[in-house]
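The following pair of complexes shares a single chain, chain A, combined with chain B in the former and chain C in the latter.
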Partner chain A sequence: MESITQPGIEAYEAPASIADAVQVLARGDVTVLAGGTDLTVQVDAGRITYGKTLMNIRRIAELQGVSEAGGRISIGALTTVTNILDDDALAQSVPVLRATADRFASMQIRNAATIGGNLVNASPAGDMIVPLLLLDADVELASWRDGAVSTRSVALKDFFTGPGKTVRADNELLTRVTFAKPAAGFAARFEKSGPRPALEISTVSAGVAGTLENGVLSNVRVVLGAVAPTPLRAAKAEAALEGKTLDGDTIAAGAAAACDDCTPIDDVRASAWYRHHLVRVFMERLLTDVAEN
Partner chain B sequence: MSLKTEVSFTLNGRAVQVTVPVDMNVLTMLRDELNMTGTKYACGEGECGACTVDVDGETINSCLMYAVDCEGRAITTIEGLRTADGLDPMQKAFVDHGAIQCGFCMPGMIMQAKHLVAKNPNMTDDDLRRGLEGNVCRCTGYYKVFDAVKDVVRGTAEAAE
Partner chain C sequence: MTTVIEKDSIIGKRIPKPDAPDKAVGRTRYINDMELPLMLIGKILHTDRVHATIKSIDVSAARALPGVHAVLTADDVPESLKFGIARDNIPLKGGKVRCTRDEIAAVAAETEDIADQALKLIKVEYEDLPGLFDVHEALEDDAPQIHDDRPGNKGLAYSHHSGDLAAAEAESDIILENTFKVHYVTHCCMGTSAVLADFDADGKLTIYSQTQYPYNFKMDLAPALNIHPGDIRVIQPPVGGAFGSKLDVYPFEPICVLLARATQRPVKLVFSREEEFINAPTRQPVEIHLRSGVKKDGTMTFRHVNSLLNNGAYTSWGATTPYVMMRTFSSHFRLQAISYDAQAVYTNNPYAGSFRGYGNVQATYCTSIHADMMAEAVGMDPISFGIKNAQDEGEVTPQGAVLNDCVFAELLKIAGEKTDFVNKMKTYAAERDKPGRIKRGIGIASSIHNAGGAKIHKSDGCGTILKLDDYARATIITGASEIGQGIDAVLCQIISEELGIPVKDVTVVNNDSAIGPWDVGVHASRTTFIAGNSAQRAARRAKEQILNYAASRANVGAGELDLRGGHVVQSKDGVSVAKLDKVLREMHFKEDSELVMTTDYYEPPSEPEGENHVGDMSAAYSHAVHVVEAEIDTETGVITVEKITSVQDVGRIVNEMGLEAQIEGGIIMGLGYALSEELQIEDGYVRNPNFRDYKVMTAPEIPEMELHFVESQSSTGPLGAKGIAELPTIVIAPAVANALYNATGIRIFNPPLTPEKVARAIWERDQGHAQAAE
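Then we have the complex of A and B:
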């Protein structure tokens, strides 16, 4: 019976350009392959069924690498987590990306896993999503329209709609993620939790960013992962911290507000109660670190 | 029946051409299509590192990489380390230190350890531990593994002087 409802893959494509790739996507019912680290596991677990076409995008040179132009940094969708970890210039301008990449899975996974895959996979616990939300990043989506490649930009904070779900349409390819190069004085921190340092799917992840001047934190961004259906910008925590002197009272108020922002669940990795506890602890730790450094 | 396609790549220095189902992973291709059984299947989801191989100078979990993606690439497996002179220095160090109990994780450990030394010949003990995070040994033989790799690191450093 399964073979009738799931006819399997009928075509394999390995396009060399974005233009070719979005034309394949325009046919419909396409499964996109990049690093493979999530696709294999999700197919084996029955969470993903292959479409009629399997499209391997790893041959598209345009999707590779990190670049900077006009004060914005662009990370191509195929940039691996290892590429980010090893990029000294990127680590210089955005240290939080290296700090997060360093906590990501294992080296073998980092060597294959792509930034685009981590975003499109849309796990509530996706680690690279947290610093990119701190950076107020945008994602670029390409599609084939009227005989040409058409692109649109979506704010990353509006990109996720639920676990494994995004606003990306089936005919769209995520090509890159971009963000303004942080100004001097911008501080960003990342923390994640799990019982072991390696290969850990975050029980809770958290990020804090802002500009600290004369002890006052402004332009505050707070991101929480694995405590809601999507990684989220914590609006109440940001409001509690914005423009305040970053002292013990402010830190406690920010941490308490972050607990109000999130809606964690009980699951196999942790209870909701414990996740709330971790949010408070991480917020206090991260904010104290920003205040002291 | 899955769609099949032909892939051409370099395996342990030799040109290989093989027809594989488009959804087959590299590990299954190596073991079942090419009879290269040195690379081991254990968890099948990238947690254990037993299937580690080198692809174009980077180590990956071959259970997660698609065989079709081998097209044009250079793959090295544990079988590719042995030279006319005998075992690779990393293999020899593992033997000398008895860094093997059941041995099942060793092909992946050795491939990953070689990659670590190639990437960072001056690695610290912490670099070594972090670098082997993705390789699980359930006989708990890590200390002998660390000693073996450290020997190779020292040898490489001395040779460079």
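Then we have the complex of A and C:
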């Protein structure tokens, strides 16, 4: 049996409450462990090193579970991707979450990977970020201040600042993500690239949401992944679609605008050309799907 | 009471691999799991440059680190110790580095962590040199020299010319000309490269190795170590895959031995997955310029081939793949004339080794696509076109291969019938230009491969020692290695068949060069054929010895007796004369006692290539035909292969379960080559050294596979069997490419057929159409 201690780790903490956890965070130089599916891989690859304290947050019951209150749905940070897949009530009210979870990594990774981890990891290709941006979600960040737990809420669209970077301060713990329960008529769709049904890191991911009434799309949200330093809300595409009749011309205009919104790069997974191409293809598909259903 | 035993046969039955249960439950002990007393861990410092002069290397801090027992650099290894088939490699590089793999220092330490820390303490100063990555640039007059003693950066070269090329060209009505560029892929063995070296007090070396050619491995390893090959004992624990990657000596092996010698302790060295992707051999990439001719009536006339192989910085077996490529170009269909030239060119890229299919994967991509194009050009369907050009039984190819037991045309016919090929092809082609983003396609490809060994060494033989004990249990000690391909099960079956004892009563020993008789190695789809023949001959000798004794005992002729079901029986009616174990004990303990122990060395009836690479170098040849049915998303470029129909001449089915596994595994490996696998090498560096970005097929992508075995009953193979292992991998990629063409009209000459490549080709064509319309 290998020791769990790794070079650099001096202390291991496994708090049972958010209050205890944020007090540990307040000490500084703490690495937070949830599912570990991103963390351990990145440490092994030498991209990050553990802080002095490794804090396992998996025993904090308050971070678990999906709940609904006052018209808002809250998903605890420790909710796994498998939990999302298995939650029939959630799938009923927000189908796009299950649809996305069904394309996420592999079954083994889904069992361990958490929503909170997927957000904090801030990969431009993070799959679960896309539907949560479509839902205009907020994240809740907790910290220890003046002898008590203090929380603040940040709009998810303002949360990411670059690849692997967010506005979360080192002493803050992401506790949950919340969003307004979608109204009737709200449609949201997700698509990602890749021939593989599993274990496919997104070359491009895309999401479209809005309310379609009498053929007119409103409250439009367009999200693109893996085509910019952060997953992004595609403002030009949203403007091109908002309030328009969702016909062939609008779809083409929306898809073209989405291409203008993104700034993809050439890398080992795809060229910028292919990413642009897929953005257009996915936008056309998603919008057509919304228009037809 | 009389016991009657009916004649029965174990051949063709489904026999599980004897090593499978342990592997399935994790009981198998690989080198990775081994530990010897006082064992140290070895680690290699690879350079981070691709072409540079080493100005200085400082290992003092690494040597001073507690727990470090040795740090070696080129200074510790005399320069003269060159190894490799072109004698251009050395274990540790000093003076200059030539590719990203170059090993510049090695550490032996008490733990892996200490070894890693020691590597980080080594300071190297370089002066970078201009890098050469492209074969054409490397051949320019003023190109930098990668090896001082290899002028013009030229490595190995091959050529074969036969027939009257000018006449064949003149007779051709249509000539096709294309440049194919086939890519880097790597084996992706589940077990990464590993070795454990241990010297005894007399200075003799025991090396625990993953090698798939233990006997010549000693010969190849010795020069790198300045050691006598006779003082090397090779022990082969089970391996996690080989596929040709372990058919040569690679620097990590002598380096590990040098560390063991320096420390006088056993040293184990195991690659991480990233090291494996960067340092393990690849398949040989090659640029092939192919001109092919055909007459209007569909008769193929000639092939003219010029190819350049990116050799990388050092020479391993990849550079010799033209041996096999030229065989495909000269003998895949009947030709009047063939001109083949290949040149390996040194660059600062990583270097290639042997890999299942060995050049034939690359060559068949070209020949099967050109065959498809020719059929269309002359207005024939590919099945009729193939049958028209397929050789007949007994025909001799331009390189002297005698195609006995040849059923090529029959395979094509079966493939056509089983898949309704021609109708589907016509239907899909008609749908091609209609609206709709999803298109369907069907494609066919075929090839020929040696199926009775390949006489590329002085001997292509295999030795067997067979013994029977007092309980009628047999032990077969064979030179043939088990690398996962299933030879152990096949040999048990052959011994069982000949001696009339249960398969479970046969034990195979083949993991120690001090015990086993010589064998040339597991390669060239040869092991069932060669080792199987040797096992059968050894068993027949044992049977003769037993029956002679039993006949004298029963006072009958030996020809009247047989071995069945653990008994000596009367051949005519199966009536038991005596139980076999009793007979064996009698033989053992009688006055002039005899043990039943036989040996055999089987040399196949093949000949080495002579001048112009002509010679009947295999004792059998075989063909395979694959049909791929696929769906293509013309927007994303994703090809979804839905079904593969495989029709292969297997000679005779020995172990049906092993045969299916080999063919299915080969198909999946070929699909990865066709669709998704590519080791991306840019300016000499591997850009995707991980399974996230190097995409092997995953379970949900694997299509339905329908396998048809045709039993040609080889006149030379054991019980009629032929070698089967490589063809399934060889024939897939061009069948996928031809299916893509059928669906979309797009030809891609540079695999893999990734979604991006397909989408871009379709998009560019449609842009062209749009512009033309304006």
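Worth pointing out:
In the analysis below, the second predicted complex is superposed on the first by the 285 of 293 C-alpha atoms of A that agree within 3 Å, B and C clash if a C-alpha of one lies under 4 Å from a C-alpha of the other, contacts with A are read in each partner's own complex, and residues count from 1 in each chain.
In the analysis below, a contact is a pair of C-beta atoms (placed from the backbone, for glycine too) under 8 Å apart; a residue touches a chain by one contact, two chains touch by 3 or more.
This structure is a prediction, so every number in the text was calculated from the model and none was measured.
Residue contacts after overlaying the shared chain place A:Leu278 against chain C, while chain B stays out of touching range.
In the overlay built on the shared chain, the residue A:Val268 is in contact with chain C alone; chain B does not reach it.
By the touch criterion stated above, A:Tyr50 is placed in contact with chain B alone, chain C being left untouched. Taking chain A as the reference chain, the count of touched residues is higher for B when chain B and chain C are set side by side.
When the two structures are aligned on the shared chain, A:Leu199 is found in touch with chain B and with chain C.
Overlaid on A, the two complexes show chain B and chain C touching the same residues of chain A, namely 197-199. Residue ranges on chain A touching chain C, taken from their complex, read 7, 193-199, 201, 268-271, 273-274, 277-278, 281, 285.
The touching residues of chain C, counted against chain A in their complex, run 113, 635-636, 638-640, 675-676, 680, 687-688, 692-693, 695, 698, 700-701, 755-756, 759-760, 763. Interface residues of chain A facing chain B in the complex, by the touch rule stated above, are 8-12, 14, 33, 35-37, 40-41, 43-44, 50, 54, 56, 58, 82, 105-109, 111-112, 197-199. Within the complex formed with chain A, the chain B residues making contact are 1-3, 5, 22-23, 25, 44-47, 49, 52, 58-61, 63-66, 68-69, 71, 112, 115-116, 130-131, 133-135.
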